[in-house]
Structure formats: C-alpha cells, structure tokens
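Have a look at the structure that comes next, please.
Residue numbering begins at 1 within each chain, and the chains themselves are lettered A, B, C and D in the order written.
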Amino acid sequence: MSDPSRASIDVEVRYFETDAMGVVHHANYLVWFELARTRLCADSGRHYADIEADGYRLVNTRVEVVYRRPARYGETCRVACWIDTIGSRSLGFSYEVSRDGQVLVTGSTEHLWIESESGRPCRMPEPYRVPFLRLAGQEP
Amino acid sequence: MSDPSRASIDVEVRYFETDAMGVVHHANYLVWFELARTRLCADSGRHYADIEADGYRLVNTRVEVVYRRPARYGETCRVACWIDTIGSRSLGFSYEVSRDGQVLVTGSTEHLWIESESGRPCRMPEPYRVPFLRLAGQEP
Amino acid sequence: MSDPSRASIDVEVRYFETDAMGVVHHANYLVWFELARTRLCADSGRHYADIEADGYRLVNTRVEVVYRRPARYGETCRVACWIDTIGSRSLGFSYEVSRDGQVLVTGSTEHLWIESESGRPCRMPEPYRVPFLRLAGQEP
Amino acid sequence: MSDPSRASIDVEVRYFETDAMGVVHHANYLVWFELARTRLCADSGRHYADIEADGYRLVNTRVEVVYRRPARYGETCRVACWIDTIGSRSLGFSYEVSRDGQVLVTGSTEHLWIESESGRPCRMPEPYRVPFLRLAGQEP
C-alpha cells in the first residue's frame, strides 16, 4: 500500500458563487469537490461520464464539510481530492480547499455504486476495480 | 381571442441567490421564470414533468431579461408568467417580477417542441394543443 | 426544558436543481436547509436579515448531510429545521427533508456568531438570547 | 478604430450545471458569460474586484441569450467575450460559447456604471476610460 493519488484543480471564484456576506456561499464547495472528484476519476483513465455511459452511477450518500476561512471573488483556490476508503459497494473521497497554501475548507463524501437500470446498489463494476484501487494506493 | 392566462407565484429570496453586491444575482431570474412557467403549465392541467414523460421537451432557444431594480434577501417577490406567442412548433412566454407592485425585472423566453427520442423539432403534440391555446387566450 | 420549535417549509423542486441523473443535485439541499433556517429565525421574531442589519453574522462552520432517497422535478418536499445545540458563541441546527412522510435527507449545520466589523467570533448578542433559547426549548 | 480585444476562457462543464434533460441548464450560460467578462476586464489590467474596491459597480441592465446546441457533462467549452458598445455611462459586451469550433450559444449583456455609495448611475470612472476604450478597439 502507498499513499492515494491526489488530483488538484485550480478554481477561480465566480461572482455568482459569492453571497451577500461577500464570500463564497458554503453550498458551492460541494460543487468544487465534485469538479476535483471528476478530475481524479479522469486521471484513472475513466471519466465519470464513462461510468454513466457504462450503465452505473456513483450516488452521493453522505457529505461532511468543515469551513475554516472564506474565499472571495478575485481569488483562485486549489481543490485537492483523493480516495480514502474503498468498500465492496462504496467509495469515500476526501477534499481540501486551499489558497496560497492556507487551508480554507476540508470535507469528505461517501458514494454507493448503483446499477442505473435497476436503481439498486451493486459491487464496484469490474472495469473500475483496478483503476480505483490504484488511485487509492492499494495494489490490486 | 381574450387575454392570456397569467400564473403568479411568490418567491422568497434565498440567501444562496444573493451575490457580493448584496442583491439577487441576475442569473437567478431565469430560474424564477422557469418556476412561474412550471406553474402556468400546471394550471393548464399538464405539468411540465408530464411533457417529458410523454416523450417531448420544450427546449429553450432564446432568453431576454431587462433588469430595473434589485431584489434583496428578506424580500418576497411575485413572478407572473403568460404565453405571448404560439407557433406551430414554438412557444413564447413573457415574465414580470415585482415587489409590492413595483416592477423589478421583465423578460421573455422562446421554446421549441422537441421529440425526445429523435432529438428533432416537432409540431406541438396534440394533447397539449387545446390546453396551451386556452392558456394563450385563443379559442381552439 | 421542552422540545425545540420546528419550522417547516414546503419546497417545490426547481428544474434548475435537477442534474443529469434526473434527481435534485446533492448540493441544493444545503440551500433548502438555509431556507428552513431562515423561517425558523423569522418565527422567533427576528429575521436573519435583522441579524446582519444589527452588525452580526452567523457563519457556517460545519455541515453534514445524509442522503437516503432522491427528490425529482414535479415533487414538493417538506423541510423541517430546529435548533439542537446552543453554545455561548455557537448554534447548531438539525434538518429533515421528507416527501409524503418519507424521509429523503437529514442533516445538521454548526454556526459561529461573528461581529461583522471586527470579523471576530463573539457571544450570542443579547437581543437574540431569549428568542433563540425559546426556539431551543430552553427556558431563559 | 480596430477590432475589439477578445478574452477566451475554457470552461469544463460541471455536473451541478446539468439538468434532468442531461444538458447544461440554460441559466448557467450567464455565469459563464460573467467568467469571460471577468477575464476580459483582468486583461485590461483592472480586475472587476478592483472596480468594487474603487467604489463602483457595473450593474447588469439587460441580457440576451440565443441557444443553438446543448453542452453536456464531460465536455469543455470555450467562452469568448468582447466589448461591443461603450456609452458615456454604459457598457455592452458580446459572448460566444463554442465547442470544437462549433457555436453553441451566443449572447450579449448591457451594464450601467453605478457609484456604490449613492447607488446612482455615473460616468465611466476616469481610471477605467483608457483601458476600456483600448479593449473596445477605440483609440483613446
């Protein structure tokens, strides 16, 4: 086992994402997490859009976010994402949003593999097993 | 021909919808327009969700919005919607957002009937013809 | 001590809130939570907009959401909110989103009282102490 | 007079931006327009955040969008923005969203210069006159 792979993206704060307090509204960090998760999946050679095309979904079952410092319009933030748990039917991701090396927000999400047609939970589909285990730093 | 039917809904400003200027961000009015349009369609006896279940879509082809005065958190606005043009394959809606009788924003949208399966434009589906002509104030 | 007061609001799913899975995107529940929290504060006789006008902010420091079942366009959901913890400088709220009595999503948020001018944490401002203790079911 | 300067940015479609039709919801293009406008202003040497810090606002007074083809999750779009009219108190911008050279969406926005303190329209502030005339391709 080695450290999990991290995807890092730079996100420019959108005016639309600010609120009347003059800072990024707290709901938008979930959207940034998703962007970083998309990049991490793409890094494994499988875009999340492929997962859907293959007949599966990774449904969000839990989200936790801790807010330390706000981000503002005019700033660009770095969002890192990595896998922290792999279950037989589930995946857990962790996130860190920072600006100039200072941590603003951290979080985690849990997801369940679902077969689109039946809408029922399923085992991690075979074509994703090795790529995701590699991302997680676990030798398959 | 008579006046078109108007649907009116009350929308409470969401904190999420405000921006760093302390007012509702201009993109959100399109979302409010859509809420009022949903209500107008429902008033005809056909929810927009039925249109999709029946295998059709009403795709947005054009939007125009004029902003006169801002709305703020803590306020509730009234959004009115009515049909202003019916073509053989298209529909046009108009909108007015007001607060305490004062007009804040006006707008219009144009839509095309699309058959979901083929993705191609089509004539207004028969089950919608009479209800929509009635909404438009045109005797069928 | 008695049970905390609950505010309940009905939220009609907006088309804008759905995603390509055909369900409400998970980030939107934070926006619904905020709407219900706004109503709960208003029920205490103090609108959240007053808090800002008085020179204070209730800043989000933590969010947790558990997703059980999805909501879809065409549906109306009930969102309940109540206070579950009151600290000297903090407030904790809990939430439940349901549809026809079936629980879809639950969650909690933690907030810190901030003095707007200094940007620093402060004790719960005196004018809010009694109303919020009453909301929490704690006799002041 | 020469051609106006164009700012071009690449925008990766966010899952959050898709709707139940499986495409980018039409309201999000206003947000993309704003991102490209931010970049164009930054290219002039003046970030839009500076305008606010200097005590001014560029308030949206009108928006028009024409939708030709949809964008989908998994795609990256190019958004171009340029100034098309400069009035003594107003600015007009045009936009084009494309993917692989194919135009998806076009639009325009109109803005009014506002003095933040008074909330009243004002002439284009002196420090912005030359940079914006240059962006517009008009020799100052």
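Here, contacts are C-beta pairs under 8 Å (C-beta built on N, C-alpha and C of every residue); 3 or more make two chains touch, one makes a residue touch a chain.
This structure is a prediction, so every number in the text was calculated from the model and none was measured.
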| item | value |
| --- | --- |
| Identity of the chain that, by mean CA position, is farthest from chain B | A |
| Pair with more cross-chain C-beta pairs in contact, given B-C and A-C | A-C |
| Chain centre separation (chain B, chain C; CA means) in Å | 29 |
| Whole-Å separation of chain centres (CA-atom averages), chain C against chain D | 34 |
| Centroid spacing, where centroids are CA-atom means, of chain A and chain C in whole angstrom | 25 |
| Per-residue multi-chain contacts in chain D, two or more chains | 15-16, 20, 27, 30-31, 34, 72-73 |
| Interface residues, chain B side, partner chain D - complex | 20-21, 26-28, 30-31, 34, 52, 57, 59-68 |
| Footprint of chain A on chain B - complex, ascending | 15-16, 18-20, 22-23, 25, 27, 72-73 |
| Residue numbers on chain D that touch chain A, as the complex places them | 12, 14-16, 30-31, 34-35, 38, 47-49, 72-74 |
